[in-house]
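Written out below as structure tokens is the structure these notes cover.
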Amino acid sequence: MTQDLFLLTLLFLALLGAMAWPLGAHMARLFSGTYAWQPRLEAGLLRLLRLNGDDMRWTVYALGVLLFNLIGLLVLYGLQRLQGGLPFNPQGFGAVSADSAFNTAISFVTNTNWQGYAGESTMSHGVQMLGLTVQNFLSAATGIVVAIALMRGFALRAAAGLGNVWLDLLRAVLGVLLPLSLLLALALAGLGVVQSLDAHVTVALHGTPGSTQTLPLGPVASQEAIKLLGTNGGGFFNANSAHPFENPSALTNLLEMLAIFLVPAALCFAFGRLVGDRRQGWTLLAAMTLLFLIMLAVFFAAESSANPLLTALGVDGHAGNLEGKELRFGLAGSSLFAVVTTAASCGAVNAMHDSLMPLAGLVTLLQMQLGEVIFGGVGSGFYGMLLFAVVAVFVAGLMIGRTPEYLGKKIQSFDIRMTMLALLATPLLVLAGTALSVVLPAGLAGPANPGAHGFSEVLYAFSSAANNNGSAFAGLSANTPFYNTLLGLAMWFGRFLVIVPVLALAGSLAAKKAVPVTSGTLRTDTGLFVGLLMGAVLIVGALTYLPALALGPIAEHLTLFGIH
Amino acid sequence: MTPLLSTCRQSAAQALRLFAVLMLVTGLAYPLLVTGLAQLVFPQAANGSLVTVNGRAVGSRLIGQSFTDPGHFWGRPSATAGQPYNGLGSGGSNLGPAHPDLQAAVAARIRALRAADPGNTAPVPADLVTASASGLDPHLSPAAARWQALRVARVRGLAPQRVLALIEMHTERPLLGILGDPVVNVLALNLALDAAAGS
Amino acid sequence: MDIKQTPQSPLSSASTGRSMARASLLDARLLRPAVAGSLLRLAPQAQWKNPVMFVVYLGSMFTTVLLGLALAGHADAPPAFVALVAVTLWLTVLFANFAEALAEGRSRAQAASLRAAKKNVAAKKLRAPRRDAGVELVASTDLRKGDVVLVEAGDTLPGDGEVIDGIASVDESAITGESAPVIRESGGDFSSVTGGTRVLSDWLVVRITTQPGEAFLDRMIAMVEGASRKKTPNEIALTVFLVALTIVFLLACVTLYPFSVYAATASGGSPVSLTVLVALLVCLIPTTIGGLLSAIGVAGMGRLLRANVIATSGRAIEAAGDVDVLLLDKTGTITLGNRQATRFVPAPGVEEGALASAAQLASLADETPEGRSIVVLAKQRFNLRERTVGELKGEFVPFSAQTRMSGVDTGGQRIRKGAADAVRRFVEAQGGAFPEAVSAAVDAVARSGATPLVVVENTRVLGVVELKDIVKGGIRERFAELRRMGIRTVMVTGDNRLTAAAIAAEAGVDDFLAEATPEAKLTLIRREQAAGRLVAMTGDGTNDAPALAQADVAVAMNSGTQAAKEAGNMVDLDSNPTKLIEIVAIGKEMLMTRGALTTFSIANDVAKYFAILPAAFVATYPQLGALNLMHLASPQSAILSAVIFNALIIVALIPLALRGVRYRPDTAEKLLRRNLLVYGLGGLLTPFAGIKLIDLALVALGVA
């Protein structure tokens, strides 16, 4: 079983590297505008759309990002509320409730894609396409442009602006996400993911004559592709990537996992190229990969152990924990997917996380709580990891007796202020949200599981929302006004309380001159720095959440296995 | 008007234009293009991979169905909304490993399996008593199929070897030996079983 | 200029004789006021300045209230336990206060000794601005602006001022480095005099132009005493970082209460007590670095002072740690102050001994170091005895600007030494010829970076004396060290390119600036800064002031002019240009100490969690006892051990905070590796041992 995982992981990482490397090179060129065809085409597009193509200061850039997302929020909310009167509604669904529409609109705009609703029984094809698919693209594009802006902060020298946000958004959607999605969508459709404008198809059941089974259809493959490539994760169907029509085989499973990590990994390579030192990109990627492998090992060890309560009933425990899993992926394919989807802030699931063994659940929780930086969301994972790199550089820089500097940029008071603001936002939302929910009656009504696991459900919901992951311990009854509102706020602020400081940091860095590298400079492209970065991520994350985790999965694990 | 406000207004107008165009491209052009191509090139796969018997669609290769009579192979327990294997209510049980309901449900499933096959004392394969993630898992592990082979053979009046051979025939091997575990498609196996019993 | 060659490691502090400055940490004279100071600092407005410790301060108050409630019968936890926690938390606050008070006390003691060391000359204050107005003796520090003083031959000028009467020759070598005296008289360009210079002949009536207490040194002393200490840029950034960590932990602890209430409801146990939550909070927030942060800053300035350098701002010390380029004056820093005779090159047909003898004769009256070195070389090489004037019955001809030669006339012989062109003119004026071979020798010597002096007897050119800059011993190794640290050295000299290049190569500097003018120096600094580099330099003359003002770290020699001192941001009391290297090390040590203690502080938290979490939740989830890796005796002893460890570690690290983490010149990579090992891994492991030991002690004492 362990060998399955080993080989699968090896294949996965090899393919990932082979695909992310050229994509990173492409993105570096695309966003520095060095393709020969770019200037004329882009100028034409800007003129056509009457967009101002000037270089923008960070404040203007941030304003553009915020307005663009605000519009997306309003449109998506409106589409859901007006669903009954909109085209492409073969199922004849009515308006989505106000609180659910609010939650879902924020969820898809913030790249969280937390789903309080069940897709096949709530959303029309029209809203899925024009609302959800659109935001799958645009929220991912938002993450990419913020990451690119931060990269420019390091690459530029004494610059006033960070680039042009409209142009960057166009590049991210048309130059990166759309072509990739088209390819993946067609591949998935060929492998069994449905793609149709019909509502559903009814079949006469073979096993019980006279009864029928209604199979849902829809434009699934097209949404599935960007759901994964944009680390969105909101499924067309309630069961998400566990649904056979979203993820029909072990091969599509592999493609989907690769799609989740593709852009985050490529951004590391793009970074290396943009700052003119490819080793810097490799360093970040190495730290991400090693953290990922550690998490995967713990997860798999937990999942391949049998549930002692079930073996006591006479169940054969050799196959590991199969509750909430699909057999076609195998335990390795399910484990890898769960670790991938929570490492990246994707949140698509091919197994039900609520039914994970306690320590496996801990891994998924912790990965989100670390700030979604192990690959992380498209763009957001990259800038999140860079924030940790800034922290690592800051402490390490002091330790070698110099004002800390990263890639030649001195890390000063303002930079630390913005970094810490961004790093503080999500713990604040997670801990405060969870605390409110386990105190207020409306919150206490949520958990489906008793005891420590019930606490984990609430903690998971807020960890997922504030860090824009979107997966759930789905037993929690979260489609209530209370959770829809509170989680909606967590998602919104978890997204933009990070993005705005990150852009401020980018602006501050871009304005700095670069310090030349000497042998007295802290090198950030070494094994030592990889370790330092991993340490920063793990220590900051673990220290913040250890008490909460002790009352959730750790207590559950000790109880389940009778350890004292 | 203050410069800040005018910047905001200009930016909002531009953001709106950009949004509208990207919405049409990604929300309309893209999914319709994929639909058109998929319907043209992969109509079978894009429309649910339906399985037909005598020209009638009897299910999807990818979606499991509920089999409860002892003469068929039973698939995995399903926790879909309303009834098991509800195509419009996919989902898992969301029971944590320590949830008492999980133990109760598993115990009940074991009782049902044992009641249908009293002589079988082997430990029950886990997939036969645990709910799948989607509630629509079309597969069983070969071990879980073999565990039911004697029961099915007895009820159907088939030689156990015949049934085991059918299982073997319908076992799907992992691609490259890496991707996935060996699984048996329950619908396909039961269709083959019906065909074998009918012949 | 007094050049000290310290035999120790080049980067260790130079020893100075000041006893108070080297007072040991446990000096009772410092301890008592520090203890008093730590109590005084309990005032809220004093605590507020340090956000991390302010949280501990609030926690102490909160547990004290809990203790009151417990004694009144509303027990949150056993009263004895609450009392012990409260006392420990108060002690934590006091220990941090103590560290700061101790550091400031040490600085103040150093400032006091500085003031004592300040030259306090007696001034002859005139009752009226006339020479014969009658004088009273006052201390120079009592002189006010507008006072008029009389300065006579042998007196030191008591302060900066303007000559209103008299004319005198003044030795300003301390300022300009020129040994030749200058004339100062009232009116015109030569009426300004500087404190600390010495009148050699005649007298001056001077009007003082500075107020007492406004003098440079006075302002320095105020700085050192810490009253005006401002947080340095990195200290501010670090404070932001620490505050953010504190907020995270505050949040984690505050929300832990509702979490544990939920857990207690689920498990049927009881939630965590508030006392334990406060204890957990105090243990988690970075109190170690928070409590020592300001002590580190104060101590950094103190360490600089012990190296006899006064900084006008902490910012400058920090910048010293970042320096990328050192501009070093050739003379006095890289080479010994003066050129020395190293070789005699006789003309064809002249014995080397004869040349040496003539050269010695010509130099006997020459009291310049160059002249002395010729005498010494002749004595060493040919055992030529120094002759006296009387013995020779001759007449010395001193160096004059017209002849540009010096020498001796004895018994019809006119022996001269001087620059080649001067000697050529001297010889040709007498109808002699300047030999080709000597010309060639002169050129060869010049090409090697040395200065040729030609010796002539009447019309006969005897040969060439080679005067060479002697590069200081060990300086090459020092530059190699700097290179390893990533610091580039640039030699600045007025010499021509040829000479400069030869010396630069010999000394092993990375670059040089020849024929340096003040403008060229300034341009060089600006160019380096434009490339993002931080530049450090030393200077003493008024013409150095613009460059000093431009440089990021500018060390003015105490012997230098007022203008130089005002333009720089540090003053070296020893006037030792090599001090720059030590200053860099001290700057780095200050940053390293902060980084090391931050790492240590955060790494400590891991062990503290393992001590406190199982103890805190023993009533909620007893199975969490599995996390009690240290096998601490009881929940209460576990929590007490953690808080006590947390308090004691501050005290234990005070010496490190005051002394600083030692800087060894090495690459960043090696430094980081070592410090991570010591303070990162050490910080991870130490508390496991410490907490366990305290737990054992508590059990032995029967406290818990």
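Order as written gives the chain letters A, B and C; numbering starts at 1 within each chain.
Operating definition for what follows: contacts are C-beta pairs under 8 Å (C-beta built on N, C-alpha and C of every residue); 3 or more make two chains touch, one makes a residue touch a chain.
Just so it is clear, the structure is predicted and the values come from calculations on it, not from any experiment.
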Chain-level touch network, classified as line, ring, star, complete or other: line
Centre-most chain, if every chain is reduced to its averaged C-alpha atoms: A
Selected pair, greater C-beta contact count between A-C and A-B: A-B
Gap in Å, rounded to a whole number, between the CA centres of subunit C and subunit B: 75
Rounded Å distance between subunit A and subunit B, as computed from the means of their C-alpha atoms: 26
Cα-centroid distance, subunit A relative to subunit C, in whole angstrom: 51
Subunit A, residues touching no fewer than two other chains: 450-452, 559
Residue numbers of subunit B (touch at least two other chains): none
Subunit C, residues touching no fewer than two other chains: none
Sites on subunit C touched by subunit A in the complex: 233-234, 236-238, 240-241, 243-244, 247-249, 251-256, 258-263, 266-267, 280, 284, 318, 321-322, 324, 483-488, 530-533, 587-592, 594-596, 598-599, 602-603, 605-606, 609, 613, 617, 620-627, 663, 667-669, 671-673, 675-676, 679-680
Subunit A - residues contacting subunit B, complex: 4, 7-8, 11, 49-52, 60, 63-64, 67-68, 71-72, 75, 118, 120-121, 129-131, 133-134, 136-138, 166, 169-170, 173-174, 178, 181-182, 185-186, 189-198, 200-201, 203-208, 213-217, 219, 221-223, 226, 237-239, 242-245, 248-251, 253-254, 306-307, 309-310, 313-333, 349-352, 354-358, 448-453, 456, 473-475, 556, 559-560
Subunit A partner contacts - residues on subunit B that touch it in the complex: 7-8, 10-12, 14-19, 21-23, 25-28, 30-31, 33-35, 37-39, 41-42, 45-50, 53, 56-69, 72, 76, 81, 85, 87-100, 102-103, 106-107, 110, 122-127, 129-141, 143, 174-176, 178-181, 183, 187, 190-191, 194
Partner subunit C, residues of subunit A touching it in the complex: 391, 394-404, 408, 411-413, 415-417, 420-421, 423-424, 427-428, 431-432, 434-436, 438-439, 444, 450-452, 454-455, 513-516, 518-523, 526, 528, 532, 535, 539-540, 543-548, 550-551, 554-555, 558-559, 563-564
